[in-house]
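In the two complexes that follow, chain A is the common piece, with chain B as its partner first and chain C second.
What follows is the complex of A and B.
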């Protein structure tokens, strides 16, 4: 019935997981904002491919919708918005890390190792899950947050947020063969809203007081 | 009904760009149609087939819960209350909004039309909700829509602050409700009320009581019970007047519905009386609200604010009935008395909706014509706005619980229930109930004094400002809205026996006992009686119709007698004022009228008074006297200000520790998550 055998799906998802981890490392290692944006766009593209693969194998029409939305919103719309914002700001193209990028990479490696360790201890739960998707999902989520925590500028923090959302998506897809459609749509709306609000904040703060979000710590009384 | 409200909301959105005037008209028309549909549905259910429960499944938008509407007697009764006032408000609204804020742009008018429809729709569906999820959704929708309406009226800081306070308090209440409902749904594993009922049977005593107090806190915040009432006198006057009528007349009642549904239907133990603490707590807060509400109302000189405080009072009276019903229900000695108490509470619900709606609409007419809310600046409006004055007087008589209008009927029933209850309990319990009855009597008297002030200062005497002098009568559609509620006040007052049939289904559904009409109108529909004494003999009985007829006959007789004895033609002359020309400043002011009571209750009011004289050189020539006085709200100063101080002290403390760096906070969260994963994740 299904055009793909379970084993083939397994392999494809595992491979995609490896690619996802690779894009994550690209995001962490990116020294320029543009690179980080392109990497997160590529990552979203991979997520939507994974959704499409799962959709063909399970025959669940909701997954097709999710794949389409992910492609349209996360792989095209949001990176484009970020790109525009960087162009509008026209300065400070580097990511301004809090700690050196090499140190961040080391932390990311630690996170990935711990994620695999953790999901290995989940034993019986893991049997029901498609391959190595669970540790990859956890690693993506945590590394996204790590990116948010180690960057000063709001734009790179947004990139981290998207990566983290991608991780949550991937975990959900792999674990439950897709969450209910309404929840997925809700999560996507969340991301869009967050992006909108942060974009407006960044542009407004810059145009009125000529400061970045990171400088807001001067506001404390 | 849903279609009408939905259409109203959509239409006002669609027409927002094009024509605000049209959007306003059409959205109110749709609201009126929706309310009429609700009226027909509830009347059909209450009169046609009492005892039947209508169940209508809703489309499944959530995979984890089945949504449904279920309309039993109680739901239908509150749907009736909602619809009755909604009809009046929808008729009244467009003309009011046009007259009150003629310069409002189309987006604002469309937003008001949209929010009104959402507000009404949510209240109607809340009463019909068949599961906790629908209930909570409608509850939230109701709060948000009314918030939009509160801040929509005038764009000044006062409204925005009132709206913010309302929002904070309402969400505090909603949080309590969420906890109460989710605790039940979590046990039940489903959201529909039947499953919750089944889950509640397995609860132990303390848990049940804890859930009850959570729900009581949530519903009492919405109902504006002292000391959770502080938002009410600010938010209600800020809304457009027909929305004030809805908020005071209906939204508070929806909270009462929630309390009844949650307590009697969902949470009550399978057999035996309700836990001791429930009823007595409700009785106590009801009595406190009634007395304090009317006392604070007395000292208000803002017409709408005064009415808002009276809502606090009337909710108190309703809660006295509810509390008594909780105490007496399934008591071996209680008998039919619980039914009487609940009947009194439910009847006062619809009565208060009718007369408070009427009064707010009347106040709105005055406001839209004079743009003044302070009654000290009004006066002499009875000649200029005869219809409004007459209808306001009708509402004032009703709310003061004077016969032959509806307020008297339900307060009489509450008294009967209280006095009957006092005979059932010996010792301190009986005394508490008698004390509550005494407080209710005090409340009635003070309410009458308050409305003598409000009506007298606003409508009688001479106009004190030029706006009041040049006021004209409100347009016919506004009068029509008020007439509908006024007619209801008279009908419910003169022939309350017929209304008892409407109460059959809700009382029987809640108490699983005899219906209201079997107890209260056992001696025919024209006589209200309470079969209270244990020997079975009838207790007190009263026929409102006879009372009304008697009153009419007496006044006719007085008129005839006066005609008969009049010999000399009347001579019209100005009032004698020791030879001075009378001016408007000679009239009684509201502050002066309320002064005796301010002195008597000084311990509660903590009045502050400041008089400064401007003299011309010598102390004997006084040019000007400034008088400033204010009273404080005890709950506000003693509870809220203290909490406010604590919170700001705490936030100062936190501010000293915080770095203000966003990435720092995120890193902190990440580290905490990581540690938690390492510690707890591996253990399994």
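What follows is the complex of A and C.
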């Protein structure tokens, strides 16, 4: 028997969802790359706490593994790598948005409202799922995509990718009470690989041609 | 309806807020000075400033209309009346008809409007600039404050602050739901804007590039300026007590011990929030005016998400 009552778990997951949304707002609003990186690290930390809470409530040992891996990889390792890259590249510390950050924030609000509406329209499926986890997860994922779409530099797009991935993770965890371990590990390996490839690409591209993603639109045949 | 807060208690709380207001400002200034490795003025300095101002004579510009002299009194009256609406040392509905949170925000907005009108009335360039800036910021702050209040009011089913605070009860942190975290985050973003502090406004300077609120006070002098200063001290403590009433209220407790406990808890809550303001003021630079909407946008999004979590 689990030590936590289902109601308490619902409440805690809801609260964590609210904090996740808050870190997401911070990522969208961050004017400097470092702040975005710290926010995404905090978000991953919250995800691993959520995994630990679900692990104690469901007694599923796989979730403990997930919590540990998330903490080590996404809350510590990847932010550290990003931080190093920013330091080594001597890039401008400001994020360079395609549209103004205020407009991005407005879009983020629209996304939050739409994802709540969408999951409310799911009806019976919605009833079966823990509290607000589904709309929060959808909102996180879409906002991560929004961040990827509205930033010019590769590093801030990576932050968006991590945030989006966090959203998928949160949804999967809260909806299924823990996916099979092999899938979760596969997803995490994917993210690490993507991060490594992108980091190396960014460093290489910058050191050889001194260009960034935004310059690629001039590359026409 | 039998309320928990009789008329006498409400009056005592209102007077307490007005009396303690300058002390909070003094404490924040002292903490800021210590953080900047200065000794700083004594905590009681705002009281001395006020006493000096009230002893002085009044000088008015020739261009002012007859309405000008009454502005400080009206502003102070509106702010003090707003102070009567927040529960301070005891939660629970009042024993007689009293306004609610919407009324409180309306009174604060009225005070702000009158201040701006006074600044424009004198016809000085700085006053007009300060007023126009204040009126640019105000429509960004007030709706968000409204939404934060509503996001907690939806749960309690009332906008009366005393009843709202009583609904939340004493175990405030454990009873926080998801929306409260976001609402509180929005409140923390708004707090410097509403109290006229860095990163939105700078209360310490009369430099024309940085000031909002101080610019509007330039044409006032003597007791009028004293009233305006007292009003802004009161406005600050009213805002802080609004935050504590919404997010960490102390429940209705009977007897003298309950009142003492409530007063002690109130002092601690205000001190914590004042420390937060001092820390923010010492660690951030003032934002450019055109960056302020983006900063307040964070509060807006947080408040809207809090409402979404409550309603949808």
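To be clear about the criterion, the second predicted complex is superposed on the first by the 221 of 221 C-alpha atoms of A that agree within 3 Å, B and C clash if a C-alpha of one lies under 4 Å from a C-alpha of the other, contacts with A are read in each partner's own complex, and residues count from 1 in each chain.
Heads up, the rule we're going with is that a contact is a pair of C-beta atoms (placed from the backbone, for glycine too) under 8 Å apart; a residue touches a chain by one contact, two chains touch by 3 or more.
Keep in mind that what you see is a predicted model, and the values were worked out from it rather than measured.
A.B. asks: Do chain B and chain C fit side by side on chain A in the superposed arrangement, or is it a clash?
C.D. replies: Here chain B and chain C can both sit on chain A without a clash.
A.B. asks: On the chain A superposition, what angle, as a multiple of 10 degrees, is formed at chain A by the C-alpha centres of chain B and chain C?
C.D. replies: 170
A.B. asks: One more residue to check, A:135. First (chain B), second (chain C), both or neither?
C.D. replies: So A:135 only meets chain C here.
A.B. asks: Regarding the shared-chain residue A:182, is it in contact with chain B (first), chain C (second), both, or neither?
C.D. replies: first
A.B. asks: Which partner does A:145 reach: the first (chain B), the second (chain C), both, or neither?
C.D. replies: In the superposed model, A:145 contacts chain B only, not chain C.
A.B. asks: Quick one: classify A:38 as touching chain B (first), chain C (second), both or neither.
C.D. replies: Touch partners of A:38: none, neither chain B nor chain C.
A.B. asks: Taking the superposition on A as described, I'd like to know which of chain B and chain C A:157 touches: first, second, both or neither.
C.D. replies: first
A.B. asks: Of the two partner chains, chain B (first) and chain C (second), which one does A:118 touch, if any: first, second, both, or neither?
C.D. replies: After superposition on chain A, A:118 lies in contact with chain B alone.
A.B. asks: Smallest separation in Å between any Cα of chain B and any Cα of chain C in the superposed model?
C.D. replies: Minimum C-alpha separation, chain B to chain C: 14 Å.
A.B. asks: Touching chain B and also chain C: which chain A residues?
C.D. replies: Of chain A, residues 117 contact chain B in one complex and chain C in the other.
A.B. asks: In their complex, what parts of chain A are in touch with chain C?
C.D. replies: Going through chain A, the ones touching chain C are 11, 14-15, 17-19, 21-22, 25-26, 28-29, 31, 100-102, 105-106, 108-109, 112-113, 116-117, 120, 131-132, 135.
A.B. asks: Would you pull the chain B residues touching chain A in the complex into a rising list?
C.D. replies: So the residues of chain B touching chain A come out as 61-63, 655, 658-664, 666-667, 669-670, 673-674, 677-678, 681-682, 684.
A.B. asks: Which of the residues in chain A come into contact with chain B in the complex?
C.D. replies: Chain A reaches chain B through residues 98, 111, 114, 117-118, 121-122, 142, 145-146, 148-152, 154, 157, 180, 182, 213-214, 216-221.
A.B. asks: What does chain C use to touch chain A in their complex?
C.D. replies: 176-179, 181-182, 185, 293-294, 297-298, 300-302, 304-306, 308-309, 312
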